[in-house]
Amino acid sequence: MDLALQLLVNGVITGSHYALLGVGFGIIFATTRIVHFAYGPIFTVAAYMAWYSAAMLGLPIPVALLIAILAAVLLGVGSYVLLYEPFEKRQAPHLVPLIASLGLYIVLENLVGIIFGSGVRVVREFTNGIHFMGPVFFTTIHIWQVVVLVVLGGALAVFLRWTSYGKAVLAMTDNPEMARIIGIDTRKVAILVFAIGSAISAPSAVLILLKDGATTHMGFLAVFMAFVAVIVGGIGSIKGAVIGGFALGMVESLGMLRIPTEWQSSIAFMLLFLVVLLRPQGLFGAAMRR
Amino acid sequence: MRRELLGLAAASLVAFAAADSRAEDPEKFTIGAILAMSGSGDWYGKVMSAGIELAVEEINAEGGIDGIPLEAVFEDHKSGIAREGVNAINRLINMHDVQAVFSSFSPPTIAIAPIADEQGILVVNGGGVSTAMVGISDNLFHNRSLASDLGRAAVAFADEEGWSRMAQIAWRTDAGESIISEVEPYWEELGGEVVATEWMDQGATNIDTQIAKMRTANPDFLALWLFSPDPGMAMRRAREFGIDVPVVGVEYTADVAEIGGDHMEGYYYTSDYFTPTDDWSQRFQEAYRERYGEDPEFYAANYYEGVYLIAEAIRRARAEGGDYYDGANLARIIREQPTYPSVYGGEMTFQDNGVAQKRVALFQIQDGESEFQRYLDLE
Amino acid sequence: MSTAILEARDLCAGYGKKQIVNGVSLSLNTGEVLLILGHNGAGKTTFVRALFGLMTPMAGQVLYEGKEITGRKPAANVADGIAFVPQGHGIFRSLSVHDNLELGGFVEPDKSVLPQRLEQINGLFPILKERASQTAGTLSGGQQQMLAIGMALMHEPRVLILDEPSIGLAPNLVERVMSSITEINQRFGTSILIIEQNVPLSLPIAHRAAVIKTGEVVYEGAPEPLQDHVKLMQLF
Amino acid sequence: MEYILHILVMASLYVILATSFNLLIGFAGLFALSHAAFYGLGAYVTAILTTSLGMPFPIPLIAGVAFVAAVGVLVALPAIRVSGEYLVIISLALQIIVVEVILNWRGLTGGGDGIAGIPNITIFGGRLSSPGTFLPLAVAFAAGCFWIAWRLAHSPFGRALRAMRENASAAQACGKDLVYMKLTVFAFAAGLASIAGGLYAHYFNYVGPDGFTIDETIYILAMVILGGTGNLWGSVVGALVLVGLPEALKFINMPVDIADKARLVIYGALLILILRIRPEGILPEPQSRSVTATATAGGSQGKAQETLLKAEGSADAQPILEGRGLHKSFGGITAVSGFDIVMRRGQVTGLIGPNGAGKTTAFNLLTGFLKPDEGEIRYKDKSIAGLKPHQIVGAGVARSFQDLRLFTKMTVLENVVVALPRQSGDNVFKAYFAPRQVAREERENAERAMEVLRFVGLEDKADERAENLSYAEEKLLVVARLLATGAEVLLFDEPLSGLDGNALQEIFPVIRRLAEEGKTICIIEHNLDVIKTLCDTVYFLDEGHTMAVGSPDELMNDPELAERYFK
């Protein structure tokens, strides 16, 4: 019973992390239909920039976080303007930007390795508090992972709900042609979502840096889980990405109550497989746009 | 592109073909090294190549091997891809005419073993730990203890301490698997009980579930069959989750210490005993620190030592005379004269299965420092 | 009443190498309702899409208030006072009715005028006010069409282009939509270009009518002669 | 030298993988990202059978092909249900699960250690233990696999695959069995990948899970995209470039600690650069393919036309196709209800009515694209309700689509040839085992197709891609494609809308003549001139059921119907 409770809490925490990544990746995917694999290494860059600022320059962690966000936004927007947009303009077959995105992935990941060197990077200045609630344990970073999702997810929801550019994002997600018809500059919106999506990845990355340290390879899991969360939740739905992330976190944790942990990484894909087969539009998605 | 590639390659082939017949001394001895120079394990590549480069420089500064300089050429197996290892050894043999090659990680090592046999190349592994590598080639030697031996030593220690309930977590790789398959029966033979067996992916960030399950199993001690840097994360996570039983493992590196931080306190681990007390090891440590600005890792020491091993084998072969510079010949020398100086202090001796018998010791982290406890008996 | 607010001169348009509109010259006069008839595939939709800037014309010119706007992006046209209601799903199905309407005023720099316009539109289509918080995709076909028109009115366009507003609607709803178009024309003085296949219900609201067949204008003039079925059959 | 030979061995394996993957992606348009799983399974089958059971080459290879082809068919099962992005995801999940199972089934697969000690291949007493000795075998297999892929891609079956890729429903309307095609192409692609896997196992004497992960699938995918989808030579080039490029980059000397990462940076950047310069791939899909010796003008002209137009019996006004009491609703909306129709031999039946009246739904019901909720469909007194669209086409009822659905990337001639009935080459095995018969038929079919094109006046455009036609020409091609099916009953959905007078004058007599020759014609049309000139009987549909039936004149003089029509 205690174990189940602990695994439930773990599921919420892990789910929050996946959900946030899913939201960042998902808003880019839903709005522009670009499978932005380079989201992974950009996540890595954010962690390393935060590490450099905090551990090497001795800046306070909030400042390091800002620098990480800035770096992620620059790279995210840069990858749209310099890489994806030219392909869109040339109306390249839709798999071509995907392969180009993988090319960018390789470039960025290895650049990080060259610039920052290999090995784990840790911010020593940070100490992680431990908390007990009855039989259940969690740490300060765990709390932050949930808090960041609530805050950023909430902020994003407010932005989408209450601002005119937020609604423009929703409009473009719903129907890009109609968005153009009512006078939305879809290029600006695309740049905006790349900025937002990348910015969202940075706090996640910084938390992982503080929790486990940064490695050059850390972006792979980030983008992979984000991708799965988006598909499970349903493409084009921010709420879906959150739910998808939680579903993933829960399955990964609670599912292991009975199943041996050697199957931990397959179980996410079993879930994905079943969801796609039984409910192709995802748990919360509307039918996929043509 | 393709034509250029072939042209380039053909040109270099002509150059090398000229140097193929070797009745006399070569101009230099080229040693290949197939390491994790990119990918998720690139940290290993970094420290291993650093150790090799340092040793090569030192030997050359002393005038090489009887006046013939050494050279190291590095290749990348992208953190354990077998196919890349085979690409690399082919390139090393053909482009650089090597007779001796360092390898690391089990899959590439296993994959290059048949080529080493076929082509007569000496292979020295100082990093890969899987038992699957033992005995697959007469030309393959390991100058590090196998993970399974370290694991056995670790549980033997646990048995001495009187602990009986073991919760273990292992990397879901050849290394982790080989420890579990060796240690589990041994532990049960000792009368112990395995109360939880958990697996994690190499480099996974979320192991909360595994830790929670191990905690629930209520063990006397945790066994971490993990390698750098994951013992640090597992230890940290275990302590954060309130598991306060003793923890034993088989590896401790700077990265492990970095991640584990204060939580590493009290961690026991078994390892090839590399401790800079001996003359040579102290000199090595100072030289390494001077050159790279950090303390040498255990892995750096292994490959550094490996260069000296190969150099010594070449010297011995040269002393025998004849067409001495040949990988198979060097391998024969090592088998026939199996004892070499070790940077770990004293000497190491290669057993019949190609694994060097080194001193395995138990350490504990005390006040943030790794403290030598005692030598362990590996029967 | 006779100055052209929007004018096409020898407009040619199509997809890829396929030309579908073959030199159409038509002008919409200030304050009038111009009806363009034609059967499926006649090129009506392609014509208005080229007019509005959703596709670049292959040849010819588009003039708005006397100045050339050929090939200008829709965003600029919308900001300049032209609105377009496309065929079918001219709404954002996953958003609420209220959000849809608000998005209609996206280009309006001064958002404070929007509530008042919203009132006007609610006056025109009271059902939209009732359903303000409902998801647009769940509205009935007629309500969706009213919403689409309402969105287009949110930035007070001077020219409104409607592509087959009656498609898929029951007859009574078509009448309702047509009468609201008349109302828009009269209340706001909006010049309206409307494409239709439904002749009997759309003809009465038109000041002038044109028939397009195989990408060319085959009739332009008063709507009345078209009420004769025989004449119409010949043109179709 | 061995090194170059080794790279060539690797290139040979990737040629097999890239070309077989291209069959799926480029030809069939099925984006299944599980190719490395097929490759890996092939390698493991060989590894297990050789090490555990000591089977000699080539038995494990053959067993691998059979097993992996069967797995391919299993993967194809979801592909029947889902397509596009969903297939990408589901196959991606399968890819990962396969690797996980290999990793976790330690007893059989050796887990992370993999399986070592796989014996070399021995041929004529010689052991193929070095790159040099293995290369001839690898090249031979690559060439053989390329030939198999080439045969498949350039057979009538391959043409049908491309048609399916361009438009699945139109391919069905041409009588193609999509299920058979999907299962077959998956089996082939998987089987070929398994050959590469078997060779891998023998060559490396070792298999481990690391070589068959999603990274590997993406690597092969990059070869296909870079080389050009839909072009098998492109895949060869793509494989050579992506195998060669990293090796070439090795010649750039850099400091040891960053060298390999820097090379990967350059590699990624070059990949992007090539895609920027050639988004369609290095060798894009060819503009046109000559279907054997096409356009053999003259010759058997008369005969072909005869067979083409011939229908059983004559224009005797026998009822051929009947629908009774058809009902169909979507959700709560009734599209067709209580719809009855009779089509008679030698007559042209018109279907008119306002937009949304249910005309196209009626066609969909009659041709099996939709299943009626109620009602019966009889063709020559046999019930055909419940048959699949391709079966109905085979029986003799074919239809066109309002939105044309041409196979735009294929030539005009191919568009017609693909629709010809009873092609033995549609059965892929005939392409291998009865090549003469297929080739002969191909020649005949090309002639028949040219005949059809001449009939509609498109013979000059035979080698043009369909996407380059004018609107009127496209419409003519739709007619030609429908004619080519050889069906007795031809259902035209707005074949003439958007055509100007001249074009109309060209098509009118064509349709009329078809009827006179004994075909049964039904036509949905808005152009009342057309209806009046062409039709014998007209059905007026509104709100899903028949409002009136009669001669064109009767209906058009009915003021109430006119009112409804223009509503």
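List of remarks:
A, B, C and D label the chains in the order they appear, each numbered from 1.
Criterion: a contact is a pair of C-beta atoms (placed from the backbone, for glycine too) under 8 Å apart; a residue touches a chain by one contact, two chains touch by 3 or more.
Computed from a predicted model, the values in this text were never measured in an experiment.
Set against the Cα centre of chain B, the chain with the most distant centre is C. Chain centres here are Cα averages; for chain C and chain D they lie 40 Å apart.
Taking each chain's centre as the average of its CA atoms, chain A and chain B sit 36 Å apart. Within chain A, contacts with two or more other chains are made by residues 110, 113, 117, 262, 265. Counting partner chains per residue, chain B shows two or more touched chains at residues 38, 42, 45-46, 172. Looking at chain D, residues 103-104, 257, 261, 264 sit in touch with two or more other chains.
Of all possible chain pairs, the ones that touch are A-B, A-C, A-D, B-D, C-D.
Within the complex, the chain C residues that touch chain A are 52, 54, 73-75, 77-79, 84, 86, 89-95, 99, 102-104, 106-107, 111, 137, 151-152, 155. The part of chain B that touches chain A in the complex is made up of residues 38-40, 42-43, 45-46, 172, 197-201, 203-206, 208-210, 212-213, 215-216, 229, 232-233, 236, 240-242, 254-255, 258-259, 261-262. Within the complex formed with chain A, the residues of chain D that make contact are 25, 31, 78, 81-82, 84-86, 89-90, 92-94, 96-97, 100-101, 103-104, 218, 221-222, 225-226, 229, 257-258, 261-262, 264-265, 267-269, 271-272, 275-276, 279-280. Listed in rising order, the residues of chain B touching chain D in the complex are 1-2, 4-6, 8-10, 13, 17, 37-38, 42, 45-46, 49-50, 53, 74, 76, 78, 80-83, 86-87, 90-91, 93-95, 106-107, 110-111, 113-114, 118-119, 130, 132, 136, 172-178. Those residues of chain C that touch chain D in the complex are listed here as 14, 16-20, 39-43, 167-168, 171, 174, 197-201, 213-216, 229, 232-234, 236.
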